[in-house]
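Got some structures for you, see below.
Look for chain A in each of the two complexes below; its partner is chain B in the first and chain C in the second.
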Partner chain A sequence: MDLETVKERAGPREFSPKDEMPEEYRKAATRMIQFHANSEIMGAYLERPFIRQAPSLERKLAFSAKVQDELGHGQLLYRAAESLGIKTRDEMLDELANGQGKFLNCFHYPMESWVETPMIAFFVDGAAMRRQATLKSTSWEPYAHAMDKVCFEEGFHVKHGEAMLHELMTGSKKEQEMAQEAFEKWWPRIIQFFGPTDKQSTHHGFASEVGLKQKSNDELRRAFLNTYIPKAEKYGLEIPDTPTIEKNDDGTYNVAEDELNWDEFFQIAKNEYEPGLGQIDGRKKAQEAVAWVRESMDSHEQRLYGGGESPQAAD
Partner chain B sequence: MAAAQQLPGPQDLSDEQREAVEMLLHRLADDEFVIAERYTEWQVRAPTIESDIAVANIAQDELGHARLWYDLLEDFGYEEQDLIWERDAGDWRHSTLCELPFDEGDWADLVVRSYLYDEAEFVRLKALEDSSYPRLRDRVEKVLSEERYHREHARSWLERLCEDDDTRARMQDAVDRLLPYALTLFSPTDDEIEERIDELGLRTENLLSMRESWLDEVVATFESVGLHVEEAQLPEQYDVHHADFDLPDETGRDQTHTDAWFDLFDEFTKSYRELGRHSAMKIMKDPDDE
Partner chain C sequence: MIWEVFRQKKAGDYHTHCGNVHAPDREMALLFAEVQHARRMPTNSLWVVPKDEIGEVDTEDVAFGGTTDKSYRWAMTYNFEAAAEEVAASEDEQAEAEQQRRAVADGDD
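On to the complex of A and B.
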């Protein structure tokens, strides 16, 4: 299929591995899905220590299930990315380990305290939900299909995040203050989640022309703010002064984007932000420590099936 | 064994009966909670995404079981904070096998430990199927049904990692290190109370007899995959009635613990303390209504 036909036909779930897609499309889709899959893994990596720190048994269970779901989403998304024939899952996981794999800005920041967990699980996941819901009608069918399951489960995660926020904001004064402090730290990052304004975004044009991307960064950010500013206020959080946010007559918001730290954002986007490197390297080290197991699984499969195509891992 | 007389519900137990029931429940609940806490260390750190998800499943099952057993302790008026968050670390009764930390990348430890634990869990749940205490007996089947998958999982990894010499050597190290601690799964908390647990028919097999069944199973399996138990310093390995088992100094059951336990306890109670909480929030339905 040539690019012109792709652009003409670009609609929800229009293309699948049955179609001969041009390399430009396959690369753009791979970049997008790989980024998404990496983000699931690094989000899980960031949150995992808080399974241990959950302040009740049932919250611990819910937290562990959430982290497990993220891993499952990563698994599903790598598969959707693999179906484009550009990179294998192992290649993508290697890229993530050696610092080439890109992922969401928010997952580059370390998380130190329990009060930060709803910042991720409510606001960041809520923001992610916005974007993911639109991706149910992306043009690459395996990606859209993965989104069905991901969005379904993310619905629970956001509820879990909202419940944690609710607990904190109806708790002691100390808890409320700690949560407000965490909110102030995370708020600018959360707004940056949707990336730079459309005019600064380099990949947007092509991805939307071929139907991979359904909504622009600006549209998504606006929709997010319209929903989440009232929610934050409902729970008693005060919206920080920076960046300046003005409410329009029609109820929408304008954000003074130039007040945000875009140098840091782009440093993060290049995987050069120092604290985030700690997380990338930490995951790499953990993965290297169990390389011996993966090697042994490979030789196990060799013994069972001989050479050639290796089957899906058993468990 | 003759069916023991049925015990009444939690409110109608004598003090002595209640003490025995509580002790038995602590053995169960504390083990499940603490080993799950350790298992979660593997989340996002396991060798593959698939094995990661599998171990996360198992951790959640064990946490779910801990929840069921702690809930039965709540019948006696305790609340979750009394049983977990505000309890003195030195009061816990779990076997020290559950509390040992994992070294980074030591998947052999995870496999051997979960194998030893799951086999022991199977043996002890079997001995609870006909427990004289109905509240406990009624929950055994659900727990057992989940443990079946755990055993299969542990066993298939065990076999796989014993196929070649290098990985089998890692497995042997893990066996040598862990087996003495695994024996503490069958150590008594208090001799007199353990006897009472048996006399009341709360379980239908005593600790020594369960240890024998368990050892028969695990030693035979280890040998079938080329792992040896003599390195693990079991004096008369099959003679479990031998009095001088080389147990570790800390069995956990008698409230002696390794230093790692106190660190772990500090870690998992950190948020609870920092937030200044006084109770644990329930977010799920009561297990009796599920």
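On to the complex of A and C.
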């Protein structure tokens, strides 16, 4: 299929592995889905320590279920990415370990305290869900199918995140202050979740033309703020002064994007941000620690089926 | 040889199992599947898979979803109005899945 035909046909779930897609499409889709898959994995590693630190049995159970879900989403997405024929799952996991794999800005920041968990579990997951809901209509069918299952599960994460935020904001004065402090720390990062404004976004044009991406960064950010600012206020969180946010007459919000720290954002985007490197190395060590599991599974497969190289059957 | 048949109604949908056919090879299995399973039902694509290649695990072997109370895994457990429409949509899907699970467990289905 040539690129012109791809752009003409670029509707929801339009292309599948049996279509001969141009390399430009397959590379763009791989970049996007691999980024998404990496983010699921890195998000899970960021939250994992809080299974142990959870303040109650209910939270511990819910948190471990959530972390398990996120790792599963990563696996689903690597399969969807692999189906484009550009990279295998192993290659993508290795890239993540050696610092080449890119992932969401928010998951480069360490999380130090339990009060920070709803910042991820409510706001970041809420932002992710906004975006993922639109990706059910992406043009790469395996990606859309992965989104069906991810969105099915994700409602629990966001609502559990809200339950944690509610608990803190109706708790002691100290808890409320700590939650507010965590919110101030995470708020600019959360706004940056959706990436630079459309004008500065390098990949949006093509991804949108071929139907991979359904909504622009700006549209998604606006939709997120319209829903989640009132939620934050409802729980008594004060929206920080920076970046300046203006409320329009129709109840929607405008953000002064240029007040955010984009140098840090782009440093993160290149995997050159110091705390983020710790996150990457932490996961790499975990991957190395279970190398024996992969090796024993590979050798078992080898014994049964011989040396046939087939990424489709690798898992 | 028996081949299991999976039909996709329209492009972008899932292939779902719809029956099986006897056929000596893949090509004829596809032909028979076409004739038996795709003449009147809306069909965009068919898959055929040798029956022996399919693995199965069922409720005789395992308890799907475990046997303990896992209500903490469901959006409905957290009693807040969904923050956004996509959260509400996810919760609806979960509520429906849980309702179907219960119906099957109670033998109503």
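Criterion: the second predicted complex is superposed on the first by the 308 of 315 C-alpha atoms of A that agree within 3 Å, B and C clash if a C-alpha of one lies under 4 Å from a C-alpha of the other, contacts with A are read in each partner's own complex, and residues count from 1 in each chain.
By definition in this document, contacts are C-beta pairs under 8 Å (C-beta built on N, C-alpha and C of every residue); 3 or more make two chains touch, one makes a residue touch a chain.
In this text the structure is predicted, and so the values were computed from the model without any measurement.
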{"item": "Superposed partners chain B and chain C on chain A - clash or fit", "value": "fit"}
{"item": "Most chain A residues touched (candidates chain B, chain C)", "value": "B"}
{"item": "First (chain B), second (chain C), both or neither touched by A:K185", "value": "neither"}
{"item": "First, second, both or neither for A:K27, with chain B first and chain C second", "value": "neither"}
{"item": "Which superposed partner A:A163 touches (first chain B, second chain C, both, neither)", "value": "both"}
{"item": "Partner chain(s) touched by A:M297 [first = chain B, second = chain C, both, neither]", "value": "first"}
{"item": "Inter-chain angle, chain B to chain C through the CA centre of chain A, in degrees rounded to a multiple of 10", "value": "70"}
{"item": "First (chain B), second (chain C), both or neither touched by A:Q75", "value": "first"}
{"item": "Touched partner set for A:T227, first chain B, second chain C, both or neither", "value": "second"}
{"item": "Contacts of A:L61 with chain B and chain C, given as first, second, both or neither", "value": "both"}
{"item": "Partner chain(s) touched by A:G171 [first = chain B, second = chain C, both, neither]", "value": "first"}
{"item": "Overlay on shared chain A, then closest C-alpha pair between chain B and chain C (Å)", "value": "5"}
{"item": "Set intersection of chain A contacts, chain C complex versus chain B complex", "value": "58, 61-62, 65, 163"}
{"item": "Residues of chain B touching chain A in the complex", "value": "33, 37, 40, 43-54, 56-57, 59-60, 63-64, 66-67, 70, 80, 84-85, 104-105, 107, 153, 156, 160-161, 163-164, 166-167, 170, 267-268, 270-272, 274-277, 280-284"}
{"item": "Chain C-facing residues of chain A, complex", "value": "12-14, 16, 58, 61-62, 65, 122, 126, 129-130, 132-133, 141, 144-145, 151-156, 158-160, 162-163, 166, 227-228, 231"}
{"item": "Residue ranges of chain A touching chain B (in the complex, touch as defined)", "value": "41, 44-45, 48, 50-62, 64-65, 67-68, 71-72, 74-75, 78, 113-115, 163, 167-168, 171-172, 174-175, 178, 283, 285-294, 296-297, 299-300, 303, 313-315"}
{"item": "Residues of chain C touching chain A in the complex", "value": "11-14, 70, 72-75, 77-78, 80, 82-91, 93-94, 97"}
